[in-house]
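Starting off with a structure, shown below.
Chains: A, B, C and D, in written order; residue numbering restarts at 1 for each.
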């Protein structure tokens, strides 16, 4: 397949490398030129403007947030220059409201639109072990499926309306934040009761909570090690905000998401925005009068 | 070893059977006579009064709550008749306040006291796969360790102060309740957004949340199947109350435990007290206007 | 003074009538023509387009929300046609983010901008007893002060940055919603305990809580009388959302606002959006299993 | 009337003085002898033991908490020595559970029991301006009414079951704590937005919130003046706990009470337990990164 790719952060770079290795043609574009060279060495064509990436079968984008999509022009102007019938695969974690708007913007221009956010960090992207959550019209999804398969160890098609993939991802990220909050409160409780938190963590995550989430984040919280960040706390806060926005739209009260979001604000105030989002646990520790945690 | 065992509910029966099989002598007592016969057939001696179970090396008790311990006399009178140097192993999930009181009641009489609550349901007890969380004076724990090893696949000694084991168990149960609340809110959100909750559950619990807790409770919530109860909601509410009581004593704010406890009350009001505690998720569904869930 | 006035809902009509009575010239415009005739009879000039209201010393607007301001053109196009040096007095309860944007839009065109939201319902507007919360550059506020004095029994200048008046109003509305939530929970508690809520309300609001808010909303809650609405619940929910948005921007966690907002969603789901916002109390009653209340 | 009075703290002393002035005979007892002399000078008879106060028509008690009642013997032993038909008027803010237990303890001995907690601080007690919330059997209340009238400016009989008066008082105190929390969050929000909190407080409490509660506590919060304490924060926390306990018993979820209670724990951890309970507002300020406040 011939595709374009916009947004070459840690995730984007790893994904493109895998797509190239699988034999697809990729034209790449990035706002800063840094990451481009390495991918060119692997065979990528380097675009001089975003529009050049929209001339193949599909364009993939992996941008940081709503604003970045608008800046690049993927919410309007650049789409006018897209090849007829192109499918845009948006891998960013965005609001369901923007997803709806983008769906319409593509539909109006006769373009396909697939939302395909992923679970997994850069190392999973490099190992092609992402979990891809895709939603869109059946034919659009089918068209880009070969590339999605190369990117992830699992491609879950969760609906025919693109925003559903975003909602799925938002709900999943909410569950992650809730698990961190839970660990933070539980560990603060046992610590203040004089129990070694390492034993608490080890026992629970080798039995009932034997899942990567609890093992990984729990270890960071026990060690009070929030740097370097795997995923920054201020981005986690953004995602909690997306959950609340989705709940608001769909009229689903999410009191736990509200609680988590309020604690994220507390963490921001405490200067933890650039740390790993497991540092949310510092809020629970501080409330209990426990050391920096 | 020669031990006594008080409290032959589903858990107690399964535990005693394993202890007998391992070659220990067990004198049993239960308030209702029903469960006694089967254990007698396996070799247990049947006591006519609770005090008869306190004549060996140790007495184990597995009673429902604080009140049951008092009724049997294990908070006072019956202890006066215990063999010198006996160790009492209390396997119930009780408050840290009662644990402290019991520790003192035993100390004053020259008896040992070990708190040893367990994680696991009756089937795990039958398979000797419980996780035993033990705390108490080193020599007391050492003395009963051979029996504990027979009961569980893991015996974690988490402190020398008995109440620490209760705190550990309470914190673990809080984490379970928080996971159910999290699933309830996340599933309500995706359901109302038109996503099949079964896909949501399957994708997440085969990756980030690949833990028994999420797999098991998530499946019940997706299927809206809360009967028969594995663990009754009203008992889950009691345990959430124990977490709040512990947080209050230790001055650890637990806003998530508060939220969960309030939702348990809502669930009780909705008549769900005798269902499996995964029915806590019905509260989140109802708030969103979703069917019985 | 010669002013324009845009937005002739119940509030706007009452305000304009008072301004006319005080001898000022008023050119009015409204999206629907209905309310215009009565004011013309009192001496108002009827504009054929919004821009005609921007030709005097000042233009006042009292529109429902952010969207209405944009539709009328007060966020851009229409401002280009304003008389040089005109001051726009925006009386709507809008977000601090939009207030910032409007401040800049006016500044860029050499126009003054004053935010002047009010506390008080239509009857207070008719009696010229509103409380006006004003913020803006000193000279702009000074220029429109004579008109503001005619509108309210109190004009409080709370800052020189327009958005501060909006923040003030948002914080005040949050306090109102919190008072309703408080009444809802307290009354549910005493009701379920068999106490006559009317006695509870009467005793407290004739002593510690002898304030209009508690007297008025408490009486509605006790009587379970939420129609006709003085202020619609769905608008109250919007305002709670504005408080959360402001808290988010300023990094001020507002857990009570989060709680209230979640309950507003529950009330929306229960179909109470068009009732008086005191119906928020129905959520607390329902959670306790109490009748419609 | 001939009455006894137990518990001569600031409140008790002021009340007894008024009762003596009204011409009643009062036999007093206090654990520490200090306050007794002044009342003897006003004509009080000084008892040598608590039982001596139970020989007249009624005994009033104003003790700090559940434990104090037990220590004095009013939960059992001392009651056995009471004059036949005596009515005990318990003015303390106690749990509804203890109120029930006391009601039964008196009934079993043929004694009357009236719960009569009060709203008002020592200065109101001295001025005989307390608000007395009374509940009990009609004839018991009627018998002590003459004394209650001397104590308060208002005697509200709210039910025939004593615990209802306690529930009423608990619900009222919850409303006070909720008002403080509300003020704390609202003032933190406007402060961080650069608005003078004194203007905010003055404008709102001279209009919608023109009630003693908001005026008084708001002024303390604006001035950040939490000493000397009018009512200690740790006692406010106890009362929030009583609200949660009552909600738990009656199955009334009180999420706002949960939130307030959690913030009280945070305030305790921050060392504010001996300050005025308006210092609860420091928690909201601290979360927002604002100075001590």
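Brief remarks on what is shown
What we mean here is this: contacts are C-beta pairs under 8 Å (C-beta built on N, C-alpha and C of every residue); 3 or more make two chains touch, one makes a residue touch a chain.
All values reported here derive from a predicted model rather than from experimental measurement.
Shared contact partners of chain C and chain D, listed by label, are A, B.
The greatest centre-to-centre gap from chain A, using C-alpha centroids, is found for D.
Matching residue numbers shows that A-B is the pair in B-D, A-B or A-C whose interface repeats C-D, with more than half of the contact pairs in common. For the pair chain A and chain B, the distance between C-alpha centroids works out to 38 Å. Our note on geometry: chain B versus chain D, Cα centroid distance of 38 Å, whole angstroms. Centroids built from CA atoms put chain D at 53 Å from chain A.
Each of the following residues of chain B touches two or more other chains: 247, 251-255, 259, 265-266, 269, 287-289.
If touching chains are joined by edges, the resulting network of the protein chains shown connects every chain directly with every other. Interface residues of chain C, counted against chain A in their complex, comprise 241, 247-248, 251-255, 258-259, 261-263, 265-266, 268-269. Note for the complex: chain C touches chain B at residues 255, 265-266, 269-270, 287-289. On the chain A side of its complex with chain B, the touching residues are 96, 119, 131, 133, 154, 156, 158-159, 161, 163-164, 167-168, 170-172, 174-176, 178-179, 181-183, 185-186, 188-190, 192-196, 199-200, 203-204, 206-214, 243, 246-247, 250-257, 259, 284, 287-289.
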